[in-house]
Amino acid sequence: MIVKNTHEISDELLEELKLVSVSTASHMLVEMGYRNAYMQGILPMCFPEGQDSAVGRAVTLRFIPLREDLVMQQYESLTESPHREALESIRQNDVLVIDTGGHMETGVFGDIFTRRLRYLGGQAIVVDGCIRDLIRIKAVNFPVFSKGVHGSAIPRSLMSVGFNEPIRCGGVGVVPGDIILADRDGVVAIPPQCVEHIIKVSREHDELEERWIKLKLDEGASLHTHYPPNAEARQEFEQWKKENGFV
Amino acid sequence: MIVKNTHEISDELLEELKLVSVSTASHMLVEMGYRNAYMQGILPMCFPEGQDSAVGRAVTLRFIPLREDLVMQQYESLTESPHREALESIRQNDVLVIDTGGHMETGVFGDIFTRRLRYLGGQAIVVDGCIRDLIRIKAVNFPVFSKGVHGSAIPRSLMSVGFNEPIRCGGVGVVPGDIILADRDGVVAIPPQCVEHIIKVSREHDELEERWIKLKLDEGASLHTHYPPNAEARQEFEQWKKENGFV
Amino acid sequence: MIVKNTHEISDELLEELKLVSVSTASHMLVEMGYRNAYMQGILPMCFPEGQDSAVGRAVTLRFIPLREDLVMQQYESLTESPHREALESIRQNDVLVIDTGGHMETGVFGDIFTRRLRYLGGQAIVVDGCIRDLIRIKAVNFPVFSKGVHGSAIPRSLMSVGFNEPIRCGGVGVVPGDIILADRDGVVAIPPQCVEHIIKVSREHDELEERWIKLKLDEGASLHTHYPPNAEARQEFEQWKKENGFV
Amino acid sequence: MIVKNTHEISDELLEELKLVSVSTASHMLVEMGYRNAYMQGILPMCFPEGQDSAVGRAVTLRFIPLREDLVMQQYESLTESPHREALESIRQNDVLVIDTGGHMETGVFGDIFTRRLRYLGGQAIVVDGCIRDLIRIKAVNFPVFSKGVHGSAIPRSLMSVGFNEPIRCGGVGVVPGDIILADRDGVVAIPPQCVEHIIKVSREHDELEERWIKLKLDEGASLHTHYPPNAEARQEFEQWKKENGFV
Amino acid sequence: MIVKNTHEISDELLEELKLVSVSTASHMLVEMGYRNAYMQGILPMCFPEGQDSAVGRAVTLRFIPLREDLVMQQYESLTESPHREALESIRQNDVLVIDTGGHMETGVFGDIFTRRLRYLGGQAIVVDGCIRDLIRIKAVNFPVFSKGVHGSAIPRSLMSVGFNEPIRCGGVGVVPGDIILADRDGVVAIPPQCVEHIIKVSREHDELEERWIKLKLDEGASLHTHYPPNAEARQEFEQWKKENGFV
Amino acid sequence: MIVKNTHEISDELLEELKLVSVSTASHMLVEMGYRNAYMQGILPMCFPEGQDSAVGRAVTLRFIPLREDLVMQQYESLTESPHREALESIRQNDVLVIDTGGHMETGVFGDIFTRRLRYLGGQAIVVDGCIRDLIRIKAVNFPVFSKGVHGSAIPRSLMSVGFNEPIRCGGVGVVPGDIILADRDGVVAIPPQCVEHIIKVSREHDELEERWIKLKLDEGASLHTHYPPNAEARQEFEQWKKENGFV
């Protein structure tokens, strides 16, 4: 397969990425030349209180509209069904990303599958379509993102056809091994080689500049001079950093 | 009229149906050959805390885009206005289901109508379009489902043309007397003759099997062996049932 | 039924209405206070060459998503099926207007039904959804308007539930007896009591003013002075009318 | 510019307008002949608890899809960038209303801009598109309305082209100086000359009639007789007003 | 891969299938239990005059939104680019079916690729998205079906990721080896094992019954008695067949 | 205004640009870094037979949803109405580009305005919405592009608010003075400074390379070697050029 990730990143970096917001990462990726990383219209249906973000490596799964004869095989040989294979392949720090073609006419994930994914160490589920049984998913209390909810299940209209292929999700191309970052603002797919830079720049951005600018804004500083800071304001900022113990 | 329900069910069965989730009923109906029962995109705008589900018999109401001359009659003779007739016809354990043609450009139900419907014994309101005055509807604290909210009222663009006809709502054909089941996952229209079977099967499903499988999943059981259970797992399940006092 | 037409117009007036364009009638109706008469997105799929417009009285038909058990009755007792009843009820100078709820997932009218409608004196078919078998409909060479084409037929997803009710079509409320005017620009539903005025005004508009203004535009007249004509231009127009034998 | 507001209203009237609900104002405007005042699909993304409504004078801002060469100028000369100019122009009791053409593919407002707007006395932000960084906007705790959320920022796909022009927002024409009223039901743009009438009528409506009708509905009064009240009910209402100390 | 076709059909059968219309095949497939075979909204952009239909075996190709780094490889190693591989793999009587996820923001096929496909014996191109350079495609004069036209080319927003996988196209699951039938009414994907039955039934249907019914309709026969024919009409039909030399 | 074109091009270059296709220009602009130049979904409603393309300088016009009181002024003082001003300002080789916000609920241009624009030397009309009276526009036989057709006219729902501002049309930012190129494939807005390069490159592309590659494809050349040409094929091409008199 010609379209694949070659870079891998450690669990430690994944942990550090949790401090970056989806919004910051999405904007930074545009600046790095990746304009299509934020998944449009895919929102948290369930997100545990007290948790700030979910991070993991993308395992992908793809559904197409079912064909009535071929779908039978998936229910005769469960171990060969791509969606069950995908689910059972989940390892610590994976995120399952599902391409249904934006299909809103059935749900593809409920609480049983969510519970199994959590047990295997999965960090989140992201669906370009609908989930089902939101009430019971909320009882599992696990990060689940989708475009909507539908009461019916896979056999109503879909069949799974493959996993760990490059897929489409929320208008974004997602390649197995992409780093998925998800929080209450939605989901962004990060090319693995970009993670380190994002963590580094975002730390500077979030911990220093943003903190200081908000302070200044609350004192009445104008965007014209302070955001981004002009030469004078930048001096002021450096001074403030020294005085407040930031290197 | 050739399209009508002939089966009726008792208030007792309605009461038992409250224990079934919309998600379970929707999936079961697909398995019974009714693939179009869950209303797509119709979500709870208001649902009382502490209440788990709303159940009732469908009374239907239909709106079309208004014609400026004909709509006057509805306001001259209020007792003949179909939407007022429909509302005043509500009896204990009815649910009002409204077809606006998916119109998102005005609201058709506010707090006054909701209050009257509750007084008459109605159990829920379901709109294939918009409601209005959500703030005051929340003060009534009654189950109301719709596609969205709009500030304006019926006279902006719609007129009612009939009630207790077969209608369309959320992509579902709804026939007067259908049994409406609604919870936080949305709304499903159940052909009356299916209610008893759904209650029976769902009870087995919900009370025993699902409880046990979740237990097993939390112990690390694989979907390949335990969902659905293979021969061995099924034995294990029967054993567990005996040991835990389920017949 | 509270929503109904009370005015009737003669076949002679229908004949005269054929000289008015859909565009002129639509605009005139807005000026008369009927802002919702042109059917949005419903275009000619087939329109006989050499014919300029189609005119007739609306017979309405309504479909909803099928319910698997109820639809069987329509095929057991064909004479009671609303869509067959509607079709067989067609008389000279009727137009069949069909509400499918904007459903694009199956076709509701093919060449056989079209042929029958033509035989009975129908003037056009207007569908808020899809037709099927466009190739063979073109062989019938009859005015058919819809939102699109779909290969499948009614039993794929719809069932008819009633005819000669007020319906919705292309965002327009259509009441039985409305006068339908259709040409290559689309379809407009005219309240019967408005027909006479439209014919009268449009004749003045089309035969005199428009002819003259085009002449003037081709000579370089400015919109500022000539469209609509200011006092001076109006004099010029009256003069021109006299010289050219218009009263 | 031919399209502009000429009427101005005082801060005191703005304060009184806070007692009117969006729903009431929207309906009243339709009755006054303004059928297009409620912004469709623009909902509160953030609204401070304990606050009932936000009111202010519209300052408008317009974005178009960026052109790669022209957008550079906006980042070279920040003080001339229309979106920064618009923001810095905000005065006490202004509301910023933003036309992105309904663009859902990037966010145009985050927490920094929101913080500045609040400092300058702005009352709300209304976007016909997406905002970003909802988490941090919620920390600012300020009324922000939009169609959705997107992680990326303006430079992904938009550029600002002007402010204080007439714009389109949520299907509504918004003219600078329009009075914006926003609550949990959405946003309505009120022509300034209508404010006084709306306050007056709504007070009668809300404080007296509605209170009494709800009382009657809870006692079982029928819509047929009591909403709107017929002659007899109206007498009853006048009596009740006297007895309860309403003039 | 669990989802695959196992049945193959001869070039002779493909030839016979050309006599069946898309409309007839789509309806017949619904009756055979395949409700999802007609591709919704995919219409002929170019279809040679004088040709009635195009038939062939599906070769599939899938695009996802491009990732800026990964797409470079496709242009460095052209022979490994999935869309070029797919195209060069075309053999006599293949049809190329392309899944772009319904993407309308760039064109994926122009006249050069079309010309190559024709040379290799391809019978048609079907795109769930846009083609480009329609003017030059029309000069090639080859059957091309899509949802629309866009001026830009693949590198604007897409990259190919695989070929001869099961895909989605026009809401239909398409599996390599499906038999594609396309005419002026659109495109239908036929499971290979169904082809023979469709040819057989459609021949009876088209050549005899339909011919006779049209004759009867033109003589004034009612749908109630003649479509479908009741017992008496069926006798009449058998008689007519004998008299007209149909066995 | 910060967003404006500074480059101007001669009528001679406009003439040369007519030889470039919309498809070629759109693709070339993406390669030059302008990814948003082709107007999505805006197609020729009328295009004179025998004419290959239309080219001109953009004059822009913007509509918003009407406000009932403000729109009156436009009809009282016609010379100040922005849409009439825009139209009367048209000079030789202008193209009128109209932003309605993608509004499909009324038509903004009919045959009278088209006739005037043609008289003044306009080259085409491009509407991000609907035109009306297509039948009569076809009688004018002038290049008109839009998203659709609607029978009603401006006063149904829109009012013009300004001309020669930067606008949005078909998802493209259009700035006054942009060079509009339109043919049967649609419309592209070209930044003026790019025109010369596009003409130059496209000439090489169209007149030589494309001609030769089609020749080779018809002889069976593979895309792998000949499109784009590898080193060997390029030599072959140079040889062919010499032999056929291309420099």
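Points to keep in mind about this one:
We just call them A, B, C, D, E and F in the order they show up, numbering each chain from 1.
One rule holds for everything that comes next: a contact is a pair of C-beta atoms (placed from the backbone, for glycine too) under 8 Å apart; a residue touches a chain by one contact, two chains touch by 3 or more.
Since this is a predicted model, take the numbers as computed values, not measurements.
The fewest steps needed to get from subunit D to subunit E, moving only between touching chains, is 2. Touch-path distance (fewest steps) from subunit C to subunit F is 1. Centroid distances built from C-alpha atoms place E farthest away from subunit D. Although subunit A and subunit B carry the same sequence, what matters here is overlap: shared residue numbers make up under half of all numbers found at their interface. Placing every chain at the mean of its C-alpha atoms, the farthest one from subunit C is found to be A. Once the centre of each chain is set as its mean CA position, subunit A and subunit E turn out to be 37 Å apart. Averaging C-alpha coordinates per chain places the centre of subunit C 33 Å away from that of subunit E.
Separating the centre of subunit B from that of subunit E, both taken as means of CA atoms, is a distance of 39 Å. Those residues of subunit D in touch with two or more other chains are numbered 35, 157, 171.
Chain pairs that touch, as defined above: A-B, A-D, A-E, B-C, B-D, C-E, C-F, D-F, E-F.
Against subunit D, in their complex, subunit A makes its touches with residues 21-27, 30-31, 35, 37-38, 40-41, 43, 171, 183-186, 188, 210, 213-214, 217-218, 220, 222-224, 227-228.
The residues of subunit E lying in touch with subunit A in their complex are 1-4, 33-36, 64-70, 73-74, 77, 80-82, 101-102, 157, 159, 161-162, 165-168, 171-175, 191, 193. Residue ranges of subunit D in contact with subunit A, taken from their complex: 78-79, 84, 87-88, 104-105, 107, 110, 112-113, 115-116, 119, 132-136, 148-153, 155-157.
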